[in-house]
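One structure is given below, encoded as structure tokens.
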Amino acid sequence: RERAEVVAVMDTWETRDGFDVEPPECDLTFVLGGDGTFLSQARVMVDRGVPLLGVNFGKVGFLADFEIEDVKAHWDAIASGTCVQTQRVMLDVDVMPMDTPKWDGKDVEPEYSYTAMNDAVITAGPPFRMIEMDLAIEPDVSQRSALTFGGDGIIVATASGSTAYNLSVGGPIVSPGVDAMVVSAIAPQSIAFRPIVFGADCDVWITMNRANEGTTLVIDGQQSTSIQEGQQVRIQRHPNRLQLFQNPNRTYWNTLSHKMHWAVRPSRT
Amino acid sequence: RERAEVVAVMDTWETRDGFDVEPPECDLTFVLGGDGTFLSQARVMVDRGVPLLGVNFGKVGFLADFEIEDVKAHWDAIASGTCVQTQRVMLDVDVMPMDTPKWDGKDVEPEYSYTAMNDAVITAGPPFRMIEMDLAIEPDVSQRSALTFGGDGIIVATASGSTAYNLSVGGPIVSPGVDAMVVSAIAPQSIAFRPIVFGADCDVWITMNRANEGTTLVIDGQQSTSIQEGQQVRIQRHPNRLQLFQNPNRTYWNTLSHKMHWAVRPSRT
Amino acid sequence: RERAEVVAVMDTWETRDGFDVEPPECDLTFVLGGDGTFLSQARVMVDRGVPLLGVNFGKVGFLADFEIEDVKAHWDAIASGTCVQTQRVMLDVDVMPMDTPKWDGKDVEPEYSYTAMNDAVITAGPPFRMIEMDLAIEPDVSQRSALTFGGDGIIVATASGSTAYNLSVGGPIVSPGVDAMVVSAIAPQSIAFRPIVFGADCDVWITMNRANEGTTLVIDGQQSTSIQEGQQVRIQRHPNRLQLFQNPNRTYWNTLSHKMHWAVRPSRT
Amino acid sequence: RERAEVVAVMDTWETRDGFDVEPPECDLTFVLGGDGTFLSQARVMVDRGVPLLGVNFGKVGFLADFEIEDVKAHWDAIASGTCVQTQRVMLDVDVMPMDTPKWDGKDVEPEYSYTAMNDAVITAGPPFRMIEMDLAIEPDVSQRSALTFGGDGIIVATASGSTAYNLSVGGPIVSPGVDAMVVSAIAPQSIAFRPIVFGADCDVWITMNRANEGTTLVIDGQQSTSIQEGQQVRIQRHPNRLQLFQNPNRTYWNTLSHKMHWAVRPSRT
């Protein structure tokens, strides 16, 4: 009964973008909407330590993987806290000020900071010329060896985000159980680029060697800020993980098959 | 000797973008610059029926495939017209007015018209949400069957352009000797998209089902115009082909290996 | 009515592999079976100049694209010869004797010769070590420049075959209207390999630099012969094209969508 | 000084395949050879808990990443045990007897068991028809949901092996620091197959729905056994990890760039 009110409050939050009302204390948060709604709420709720349950009112429902009837069917398990939850790595994305020493911003206050559930993307933007970046993974450990890379942009995704934008540029599926991030490229100039999966404890540094006027950092496809030539973006694991209720009627593998059509085979019609 | 003057005149054209001076009559045009310069001159010169010879002052030199020393070495063959030329298919790209009947613009005057040597690209642009298009190849012949397709954009490339942007999104190499175009996708939402090669006589129609404010048609990476939701773009073979001098020291295959690093293998260092 | 008898005769041919009975004269041949049956009949029938119509008794029915009800529905057009036909490029595949000069077998009698409708494939075979080949396209014209390439094998496909094995290794779809072949690689050692489409008039030469005991040339997935280290295989256009009835209810584009699931998008279930 | 003798002993092992001599106790093992030699020794040595140092006498030297001069330069660090080591996940690969219950072999003695450092591969083999498999990842947890998948074969690779065969079929690079396996496919029939990375604690079950006479399980490209229709293969983490000395002059990232040519860009020559 209490939970019914929580649902109502949630709905209110979603429509107010300013989010100036402090959400009430709760044990569980329902997110009513599509995957986009879920992402925006996940970024807000991750630090409250409250598990989320996504009810699909959108199209695909990859994160919001409960249909209304699933909520009804599993209500007792949900309410009693026995419904299975998974934990998802999220990202801290920092845009560093222009004069930050290369690959070394330990004591530098970021200009902007974001939390991401799916991905942080740098995209070329108008006038759509190729941009160029230095990518360094764990510069401290890796002796500052970097990959110089040109193209339309770069995607740093969590395992959760691996089935989103990352997949559309040829990146691999990474099961949410893997403690890793994946870097993939949008239209890389090199024909020898391959996506790379590495530990979620690594810090990733991207330095813009060449940017367009419209070059933009995009968080989960939803938030964005302009990135300048010479600027650095640092990406690392967010201190907390998101807790996510999992529909007992589905598994990760059959969601991949049924919703993403993973490995669908030729058929007669 | 005469040709030395022509070289000088060409240089002048390149620097003036307005291009209000009618170029003098000539039998051969040298283009001094990189591949970008070559593309911009090719679009201007294709209808004059004069062959182009690209001298590489840029980085890669895929189209501009003569180095200065190659010009010297083959000067006699160039001057006498016995140096091998290839012919390249180019594209007419028409942006149709908003009220054009779907896939049927025979009697409609395009709003804008472009010529492309490499490719016509529709790119999502700010705020970088996924766009959606209907793609119809030869709608008259194919009973108006279309592919609905979402992603960051679409590339319609010539064989010449197949080794440019098309290659960076996973498209195939198409030898310039093939009378074909290729359609590839930038970050397609579907994991089952594959590039497709079809005859250069086909007309391609793209209808924007969903566009962003910043959605843009880009020609050869150099010219651009805004595209609105509901608008159609038609792409077909340009009536004339570009004549292109080919460096006798190179072949298409070894340029692919040496410049693009096609099929480069792992090595000790 | 006459044609009903022809159908019966065809069925007989299919079951006898020795094929010692000369098929009767006819204006049209029905092939009853799946795509595999169609391929085997196409190789036999291409030089008789008789069009084929494939009735799908198999799984996918890409070549055999008439269902029984389609034959009934379009019987008049089929019988009167007004049903649309397409023409398909086929390949001659020659295994050269061991002492054939490299890339030069004009006056050499091949050891074995095959006709292929879909593809000629060289596959590593037991004990499954990487094989290595030199690939030369038009060695006469291209100054004998070749690509040295290691992996599990190579596929030389026609446009018809582009949607078969070629597609499964990442090759492009090539519309049957394009006068081209495509070369793609099975598990190439290089991460910078890309499939290449080139004119159907080119001759392709493959020299085995390193082979396994079990290295095999496979034609249309159906016929095969052993290939030795040092041996050359030459592939060129077959002099005749196959005539193929096309189901008026389908187009190439909607067959791609409906049977191959080309560009299928994520869905709710 | 003592270690010089160990080197000599190692050399002896390598040449004797029977391996009937018990290797002497030691603190460190040098492997002199290429990556192939390293793999074969790693499988033998992993359970002795002795770290390996690969000295490259082969071609690429990805695992054997010390050149002779690197050994000299870092001798003191190597001998004193202060040279950095990494730990690599390895695999247990079990071929189950024919009557094993599907996805449930807890109490069943495997017919054959192998240890793999890079990968376990099931390959179609003669007569090279498409094989078909059910792939289940963690069948106990995932409610026995499986992916049915046709093609030339399947690769289950460790992070170490991700840059080997897996990479050649389009799989991602997985940094050795990630506790994961990757499944990729050789020539999948589906155009919607994508490689998948999942936790190294998962058990993978492959059931052969359709096999060829020559269908073979291949371990690290070196050991092999025949696989029958209906047979199951189980793959899980090996209880011990391999300890591997890492060349202090290299990092994983620059080895990728310099040896694999990862992200190499077009160049002038």
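Chains here go by letter, A, B, C and D, matching the order in which they are written, and residues are numbered from 1 within each.
Please note the rule applied: a contact is a pair of C-beta atoms (placed from the backbone, for glycine too) under 8 Å apart; a residue touches a chain by one contact, two chains touch by 3 or more.
Bear in mind the structure is a predicted one, so any value in this text is a computation, not a measurement.
When the C-beta pairs in contact are tallied for B-D and for A-D, the bigger tally goes to A-D. With centres set at the average Cα position, the gap from chain C to chain D is 35 Å.
Averaging C-alpha coordinates per chain places the centre of chain A 31 Å away from that of chain D.
Note: centroid distance chain B to chain D, computed from Cα atoms, is 44 Å. Shown for chain B are the residues that touch two or more other chains, namely 167, 170, 188-192, 194, 260-262, 264, 266.
Shown here, the protein chains touch in all possible pairs. Against chain D, the residues of chain C that register as touching in their complex are 121, 123, 125-129, 151-152, 165, 167-170, 186-189, 191-192, 214, 216, 218, 221, 224, 260-262, 264.
Per the touch definition, chain D reaches chain B in the complex via residues 56, 59-62, 190-192, 194, 258-261, 264, 266-269. Of all residues in chain A, only 136-137, 141-143, 145-150, 162, 167, 170-175, 177-180, 182, 188-190, 192-199, 202, 251-254, 256-257, 260-266 touch chain D in the complex they form.
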